[in-house]
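The two complexes that follow have subunit A in common; it is paired with subunit B in the first and with subunit C in the second.
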Partner chain A sequence: MLELANVTVQFGGLSAVKDVSLRMGSDEMVGLVGPNGAGKTTLFNVISGLVKPIHGRVLFDGVDVMHEPDYKRARLGLGRTFQIPQPMHELTVRENLVVAQRFGAGRVDAARIDEILELLQLTEQAGRDAATGLALQELKRLEVAKALATEPKLLLLDEVLAGLETQGKRLFMEKLREVHARYRIGILIIEHDIETISSLCPRVVVLDFGQIIADGTPQQVFNDPAVIRSYTGVEHA
Partner chain B sequence: MAELILQALYSGLLNGGVYALMAIGLALSFGTMRVINLAHGELVLLAAYMAYVVESRLDLSPLAAIPLAMAVACAGSALVYLLVARIRKNRELNSLMLSFAIGIIITNAVLLIWSGDIHSTGSVSLQEAVQLGSLYSMRSELYGFLASLVLVTLLWQWLAKSWYGRAVRAVSSQRDAAKLMGINPAKTELISFLVAGLLAGCAGVALYSSSVIQPSLGHALTVKAFIITVLAGVGSVPGVLAASVLLGITEALTVTLWSSAVQELAGMLLFLLVLFVLPNGLFGAARRRA
Partner chain C sequence: MNQRNFLFAVLLLATYVLVPAVFGDNNYVMGLIISALIVAGIAIAWALLGNLGGMVSFGHAAFFGVGSYASALLTMKLGWPVLLAMPMAGLIAVLFSAAMLPALRLSGPYFALAILAYAQIFRILATEMDWLTQGAKGLSRIPTLPVLFGIDLGSRSGSYLVIVTLLAAFIACYAWVRRSHYGTALRAMHDSEQATRVVGVNSVMLKAWMLFLSAFMTGVIGAFNAHTINFLEPDYAFGGGWSVLPIVAAIFGGYRTLSGPVIGALCIYLIDQLLFKSLLPTGHQIMLGVLLAAMILFAPDGLLPLFRRRHA
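For the complex of A and B:
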């Protein structure tokens, strides 16, 4: 239900994304990996409407959303988190979710908000100021919670697992599996760690220098010579 | 002496209330759009002239001009918004020039239509002295202050409880994230400018009812609203209210203890002090992190 067709993004002289085509279904959990600067976040920006590609199309649920502004895409069911958490710091944690639900999903359902808070272990923090009252881990969970509150059909997660220690990571991965299963939504997740992504996603897409260089099971992808080259190339750079 | 100082504190407090009406509007529109409306004070002035017109032409109380003043200031504010929204390049900078120009146009239009004469209300009842203990004010000053408190409280509630009030706070917090929550940023910005216009309309009527107006006043009002916004450190309604009262009191004390010639200077000094000593504003330190 998400389809990218020949998407190309240019920043001045730099092609951040080059002719990317990708399809994913609404029941999928897909990992998007690639070295720093590969264009992963830019691709998310194209899908959510924050960046206009110079070429290519984005289809969502069979509808061409290229001419829909960012906020309408959110209402259509594209949920998204930011690599650097962006809490609404003038609102409380709960208000963040309530506002996201009202404007993103077009309805008000306190029970569902409670459920999301519970799921992401933010119930205790619900009344706190989103700017000053939260630790980094909590902010990352708030990012996911906010996106979920818009009741998306597809969730784009930008490095929500980065920076968590092993135990925290494991817990968060559990949460993501639960989210995927409970709300039956597609998840496209950016993550650097190969082990993490392999255990979480049956399908992995590798981006390098703005291009897709591999797409398949973690097994296939991480044994692909091109992928190994791009990964080790970065490691030694 | 102590009595004079007490009286100055009281007058400053009352004035501060009206300042808050102007400053909150400026802060709101800045919050959502990251644009300083340099014509904001001129909109307040225009509203004040509406009160003058209603009083002098229709022989009504200036208070009867409130709906008209609100409508005119709202329309002006919306116009500023629509023009600023059309700026595609370098909006932060170019909007300064644009709104500054609109301010000059308003000032000159006022001058052309109503001449450079100073005006003040002829209403005896508004100018009547009201005593509170040993403190005095004009009835209009007290009305203005009370009206401000009511409006500021309403606005605070609106920001806290209504959907678009929350949207205003969300867009002010994180624009991109707010959009991806489904909030229409343009609509939210327009609403913040309209609310700013409503408040500016009331501030204008209060101004005319309790002091003298003349075409060049708009500019000084913009500066005051700007100073208050910086003092408050953006973000909270109580913060802006407190900063407004602080400016009002500082001005009144300066006039009492020194001279009315340096009243405007006092605000500027306060501004510089906060800028260099408390760069996040008096109340902004804890709230703004990003």
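For the complex of A and C:
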């Protein structure tokens, strides 16, 4: 469903992403990990159309979306969240979802919005102001709910579990599994915590200095000497 | 019809009947009210762009001037009927506003400055293209509003009915856009444009529609004014007052409300002309500035929200 071919991004003279190629199936759940500054969010920005690479191609559902603007990619089925939640200001939680559904999916289906609110435990907060009336955990859930309201085929989740305490993280992971199972969509998730990503994703891709250094099952990846070196800075014994 | 719409209809009917009934014989007062409502029309258009489009414009004089000249020229040179030339003038203002589309990628003061510069360009063009506009000499004997169903729309009372109808149509249109999903998305775009784009909102297109709608409204008001005063020259039609006064009116009345710009325009224009002008015949606008500064300091949301809070 998603194919990145030789994607390279440069900011000034600095290469944020170097020659990255990646394929992902339609209902896969893939973890994207790597140290800070590895290029994970930049890669998400390339996929969702917020950053233009200097080289390479992005294919989604067999269509080259390189020249499609961000809002058109959303309409094609690329939903995303941001590391720092970006609720739509001046709107309630429900209105956030209505706008996402109306413009992303091209329709308004109140039943589906209720379903998403219930699934992400936001029903009680539906009438609250999204920008000022929610706690961090609720804002993170709203990010996912907004992206889901666009009826995506692929969900890009940027550190949605970061900042949550252990119990909150566990509950959120359950929700993500439920989302994946119920809507049968692909999920590409950025996460720092190796344990979390190992239990959530059957496939993990590791990015370091803008390049993919490992791709496989969590066991394969986290035993890979290059990955251990990148995380610990020392050679594997 | 819900209660709000019913109230709007009753108020509109009362406005149609009462003002001409009370002031119909007083041309001076009717003239002042019409002038105030002209400012109100631009103020509604300005508030629509500011409130829904999130863009602060210092250049509505450009749309006003283009609408004025377009309607005057269509009627004088091509012999178009005035009531057909007026909406066409609005469309021509839309066409000219398309030149401002690149500025939509700018935000805040940069957009405001860009649109101010555009307004100056149009004023200079109107002055220099004297083969069409007669330049600084101006256009005179612009056709007046016609007689329709036995009502002389060119008279003070007739012109009043036309401007009230235009304002009612603008408010209804503004309310419809604001209530729609487009209005909700536009509200969301102000502080979170990226968040709206990644859920499929074409923010630039929506802002462009608001610019077009605002330009259309202002152009039609400009056309109405041209056929009411029957004379135009560039410094008047593109004068900074048509940009500044509606802003003052909208902020004074409450630019985030539907009727705030109208109430603001009526208050500031009538207070200025009937009170400040008699107290300070030269430079009376300074008192408007003081009034606006006080309003921003003590009731930044404007008169109407202040009134509502007091009576809540």
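The rule is simple: the second predicted complex is superposed on the first by the 233 of 237 C-alpha atoms of A that agree within 3 Å, B and C clash if a C-alpha of one lies under 4 Å from a C-alpha of the other, contacts with A are read in each partner's own complex, and residues count from 1 in each chain.
Operating definition for what follows: contacts are C-beta pairs under 8 Å (C-beta built on N, C-alpha and C of every residue); 3 or more make two chains touch, one makes a residue touch a chain.
The shown structure was predicted, so the numbers you read here are calculated from the model rather than taken from an experiment.
Peer 1: Mind checking subunit B and subunit C on superposed subunit A, clash or fit?
Peer 2: Superposition result for subunit B and subunit C: clash.
Peer 1: Is A:F11 contacted by the first partner subunit B, the second partner subunit C, both or neither?
Peer 2: neither
Peer 1: Report for A:F103: first if it touches subunit B alone, second if subunit C alone, otherwise both or neither.
Peer 2: both
Peer 1: Go through the superposed model and pick first if A:T132 touches only subunit B, second if only subunit C, both, or neither.
Peer 2: In the superposition, A:T132 contacts subunit B only.
Peer 1: Would you please give the residues of subunit A that touch subunit B in one complex and also touch subunit C in the other complex?
Peer 2: Of subunit A, residues 48, 50, 69-72, 74-75, 79-80, 82, 86-91, 95, 98-100, 102-106, 131, 146-147, 149-150 contact subunit B in one complex and subunit C in the other.
Peer 1: If you look only at subunit A, which of its residues touch subunit C in the complex?
Peer 2: So the residues of subunit A in touch with subunit C come to 48, 50, 69-72, 74-75, 79-80, 82, 86-91, 95-96, 98-100, 102-106, 108, 131, 146-147, 149-150.
Peer 1: Which of the residues in subunit C end up touching subunit A in this complex?
Peer 2: 181, 184-185, 187-188, 190-192, 194-203
Peer 1: Provide the residue numbers of subunit B that touch subunit A in the complex, in ascending order.
Peer 2: 163, 166-167, 169-170, 172-174, 176-185, 235, 286-290
Peer 1: Flag every residue of subunit A that touches subunit B in the complex, lowest number first.
Peer 2: On the subunit A side, the touching residues are 48, 50, 69-72, 74-75, 78-80, 82, 86-91, 95, 98-100, 102-106, 131-132, 146-147, 149-150.
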